[in-house]
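Two complexes, one shared chain (chain A), two partners (chain B, chain C).
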Partner chain A sequence: MRREGSPWQGLGTVLLKELADHFDSPRMLLLALLMVLAAAVPFYSAVDQLRTTTSEDPFLLLKLFNPGGQTLSVVAILGFVIPVMAIGLGFDAVNGEHNRRTLSRILAQPIYRDALLAGKFLAGIIILAVNLMCLWLLVAGFGVFFLGVPPSGDEFARALVFYFIAVAYAGAWLGMAMLFSVLFRSPATAALLALGVWLFMTLLWPMISPFIAALVSPPDVRYTLLGILDPQTAAWQQGLSRISPYLLFEEATRTILTPTTPSLGPVLDQIRALRGEVVGAALPLRESLAIAWPGAVSLIAGAIVLFVATYVVFQRQEVRA
Partner chain B sequence: MSEPVITARGLTKRYGEAVVVDALDFDILKGETFGLLGPNGAGKTTTILMMLGLTEVSAGTVVVAGRDPVRQPLEVKRRVGYLPDLVGFYDHMTAAENLTYTARLMGLGRDVREARIADALARVRLTDVAHKRVATFSRGMRQRLGLAELIVKRAEIAILDEPTSGLDPQSTHEFLDMIGELKREGVTILITSHLLDQVQRLCDRVALFRGGKILVMGTVPELARRVLGAGFVVDVEAAAVPGKELAARLGAIPGVLNVQQTSEATYRLTADHDVRAEAARAVVAADGALTRLSVDNPSLDAIYTRFFERRTGTEGEIRDAA
Partner chain C sequence: MRMNAIAMVVVFPALVMMSNVAAAAAETKPDVKGLYLLTDYPTVSVRPGTTSTISLRLQNYGLPPENFALSVDGAPAGWTATLLGGGQPVGAAMPATDQSVSLQLRLDVPADADAASKTLTVKAEGQGNSVSLPITVNLAKELPAKLTLTPQLPALRGTPKSSFDYTVSIKNDSGRNLTVSLAATAPRNFETSFTESYGTQELTSVPIDAGLSKDVKLKVRPPSSVDAGTFPIEMTATSGDTTAKTELSLEVVGQPRLTISGRDGRVSVLNAVAGEQTTVPLVIANDGTAAADNIELSGSGQSGWKIEFDKKTIDRIAPGQTTEVNALITPTDKALAGDYMTTVRASSRGETASTDFRVTVGTSTVWGMVGFGIIAVALLVMFGAVARFGRR
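Our next item is the complex of A and B:
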């Protein structure tokens, strides 16, 4: 049975209203502050470290985001903070309307539910994108200011790709937060569960997945004796780790931001090391992109799948309070 | 009052096994004020949501303003204003901002919007607080703001779900007056309520609704005749002169169906019309001293209570109502 009229009717109105709400809300200010403060510490340590090696390093801008080594990077912090921000923006998107008893009044206007949901999602994405862009400009701007070396075109392009991957990552978490806001009538439940998933994916899964990989495909004794990973176990390990958006994000951004040591995953790295390849020669942007592409697309796909799930559940939900 | 604007035929809503709305048939005519009365949980809100296309219809059809809410929800929602039970607004926005948001969702242009919002706020007497945040509003003010939304929409049909629940008597009175204004403008109004005496004076027709079914439908006097057996109850207080059978004389008045002596000098007559004049004459003719004479209009409350009492099997003395 076809319904008449455009599903996008009222989308712009909802979008503008949600944007205005976000910009006005203290919550959004708090989340933006959290992000900037969290990024400030690794940024300063990166600047400190880079000052001593400025002349030798061809990728200064990228090093600001991800200095490599054991130091905590801006990227790692973002991998942690972006989900918190996205959950903070999305956890009460729909159940909040229910609880304020505004939902049935709004849906009694000549719009479809599609417009309400899409408007809220787009507003969240735009807010996250604006915040990330601010942070990105801050890092790049202060980086040039402190180090005094302008970035090359290639560096700039890589940093920009990093930005888009970060937005896709934010979209995936926003999609999850909104799904929970439709599934659970209480915003507190939705927020707690979303944060639970976030903790599991970012902290627990990286620790658990190697164990599961070893269980599913026990490493061959010969590899163990040589002290290296069984390629098959490693493949499982990588596949499992990619379930977590955090690890996907980490992998994709690492590839883009560190052109000199492109990680192809443990399997390929090992093979290359065995073949005596020089690991450390800079890859051209095109090839870095090719490596990062599946990860980035997975994040975008994740965002879309979660949004579709939210949409389906919301369409079937009763509007009565 | 001519052609029907809402027509339901076999309208049914099921959740799994539970039948919430059970094969409703009704017509609401243009310009009419229709009361859908029943206890909480009778399926009133579900019926409304089906009319607006906000919940799926399990079986049957409903046509609102000549359109099918399942296929053409936007067209229906453009013409129908809905004031939900315990309406909510965005607390951090002002009254005018809240109305602006919904007016934009209605697709009204800026000029029309501003003029209509100012007019609507004036009509519900909220102009003074138009730029105050809704968080500071009382229940009654929110309800009036909800009504302002329908006025902004220029709704042909206004659906008001429990509009007076939770209001103090003063606010209720004011609010009902505002609904009365809408009615005089020719807006078709559908009110649901469980507060019967409040809607009684507004409604042209009412339907008693319970368990997802309309049990009786008609004007209040009609229902009174059908449910109570008679519409009017006249109380007579007169010191009777011994030897003159006052009760018998009262009972002989045409139209009186029952006479009950409630105490030594008081009688309660149940009649199908107002028989006060005849009762007075009867008392005088019996040399009685008439001290009090009063009539109760048929009360929806009485009809309702009586009706549901009878349904649940405690059939009592039907004539002894009001």
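Our next item is the complex of A and C:
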């Protein structure tokens, strides 16, 4: 059966309606507050640390996001909180409509399923983007206010790149939450499963992946004796860790926000140190972007793949309740 | 082992034989017989007013032991001549066969003794034998010095901060090993100390063998507040009745001493702003004893800070005078709000003074406003989105 009319028909209506729902919901307010409060603590400690230990730094704004060292950074907190917010916005996107028995009513209107799903996804992304932009502006504004130093153009560009990577990261988690909301009729199941995946990816996977890497490719004894990682094992470890969006986000943002230590992963760093390369020198933005590009693209691709999976499952679903 | 044992057996008797021969040669008695009164130096020089001791020996060659009465003849009026044996006055001596008895003739010469030379006769009279020994005493007004001090560089010149090291060689001409105690007299508050010429250990006396000389170093440190001028230092070396002196001189030239402080003694700058120039008035004073010429001012701070002066060099500051200059401190554009240390230095031919200034960099009001502006934009984005897209 051929479809008539544009698949995008009704997209704007759905988008505006979803935005209105989200902006008025106490859920979004709570999630936004959670994000701001979670970021405030590491931000304050970063400002404190910079004021006491640094007299001058070419990358002050970036240091506010990621001061380096062992301290908890705004970026690390965001790596945890962004998925929670995305899951919170997306876990009941479709099954909620099912349960309220509004899905068939909506689809009775001249609105295709494509437009409905795309509208919901875009609305979630816009909400997340607005929240992150707010947070980003707050960090930059309070940073300038407390430290009294304006960011340079390079810093500003890097911070903007960080913002886009964060939005892509949020999109990936939103896609996962929506996939679960299509797969499971019960919003509670979808939410719990999405949170389970989140916990697994952010907390467990960083611990498990080195073990799996060592199992798949046992390190050569000669490297172990030298005290360095077997390049083969390290490559496996890095590859496996990139399954987790959290680790992808972490890797990409670290490359962008700390231009002075552009880490290429443990093995490449070791090789560079062995070759006598200075690992502490600042890279130009273009080079940092080239290093961070695969991670960022993977995040965007993950978001698209998850959305496509959601779309396929949703299109094949029986919507009459 | 066996070879060694054989060698021992062969060599040892030979060694014994040779030593026997040597002993026999030593014991052959000289072909001298009789009693002798001996002294090493029968003619001596003595300074009036002093006490001298002359060593004597009563030697018995091949005679049976006998009691010899001792006496001194020919001592002029006012002189005291005493024969000492074993440290106390003695009247007789009894040398055993082929033995000798040590005696000392102690002469107390009065200070007013006339300069002619005198001859004293020491006699030893026994039952059959009697010997006499004439000793000629020359009276000399000035004996050759027994200790001499020779400074290598007797006059030194320097600033109040420098240390003056005089190397002085002490020569012992007395014919005896002496322990020489050292002393130096210097003006009030001057510090003096003696050390070995290449040592750091301070000393008060040095032993010097007869006929040898030794170098000691006299270190004089003037008080830092000393005025310019020439100061005499007298160094004395004493050993028993001999004293040697030498005059040293120490010339202190005036020295400028600079101090830098803020006006009213303030060393803090309160309201610096990142990237903006702040003027700090400085007072440069010369508390020294000489004028400071050609004073160059410089400053240093954190990297990227600029510290300049409205007058880069000052031609001259007379002693006790002050001059005021302005330091222009510009923190770097990227300086965070907080406190920073900067150092301001003035140097004039080796004399330098430096003062640390505490500069408090505040947030520029412009960037504070910009920060507020960005925060306001953040809130506007949020509320604008809610207002635009929320349920109307």
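A few points about this structure:
Here is the rule we go by: the second predicted complex is superposed on the first by the 317 of 321 C-alpha atoms of A that agree within 3 Å, B and C clash if a C-alpha of one lies under 4 Å from a C-alpha of the other, contacts with A are read in each partner's own complex, and residues count from 1 in each chain.
Simple rule for what comes next: contacts are C-beta pairs under 8 Å (C-beta built on N, C-alpha and C of every residue); 3 or more make two chains touch, one makes a residue touch a chain.
No experiment lies behind these values; they were computed from the predicted model shown.
Model built by superposing both complexes on chain A: chain B and chain C fit together without a clash. Measuring from the middle, so to speak, at the Cα centre of chain A, the directions to chain B and chain C differ by 160 degrees in steps of 10. Of the two partner chains, chain B is the only one touched by A:102; chain C is not. Of the two partners chain B and chain C, it is C that touches the larger number of chain A residues. Within the superposed three-chain model, A:27 lies out of touch with both chain B and chain C [touch as defined at top].
When both complexes are overlaid on chain A, the residue A:60 reaches chain C alone and has no touch with chain B.
Of the two partner chains, chain C is the only one touched by A:142; chain B is not.
Closest contact between chain B and chain C, by C-alpha atoms in the overlaid model: 9 Å.
In the superposition on chain A, chain A positions 21, 24 are in contact with chain B in one complex as well as with chain C in the other. Residues 16, 19-21, 23-24, 32, 50-52, 54-58, 60, 130-131, 133-138, 140-150 of chain A touch chain C in their complex. On the chain C side of its complex with chain A, the touching residues are 274, 302-304, 332-338, 340, 361-364, 367-368, 370-379, 381-382, 385-386, 389-392. Residues 45-46, 49, 52, 54-55, 70-75, 77-78, 80-92, 101-102, 104-107, 146, 149 of chain B are the ones touching chain A in the complex. In the complex of the two chains, the chain A residues touching chain B come out as 1-5, 9-10, 13-14, 17, 21, 24, 100-102, 104-112, 318-321.
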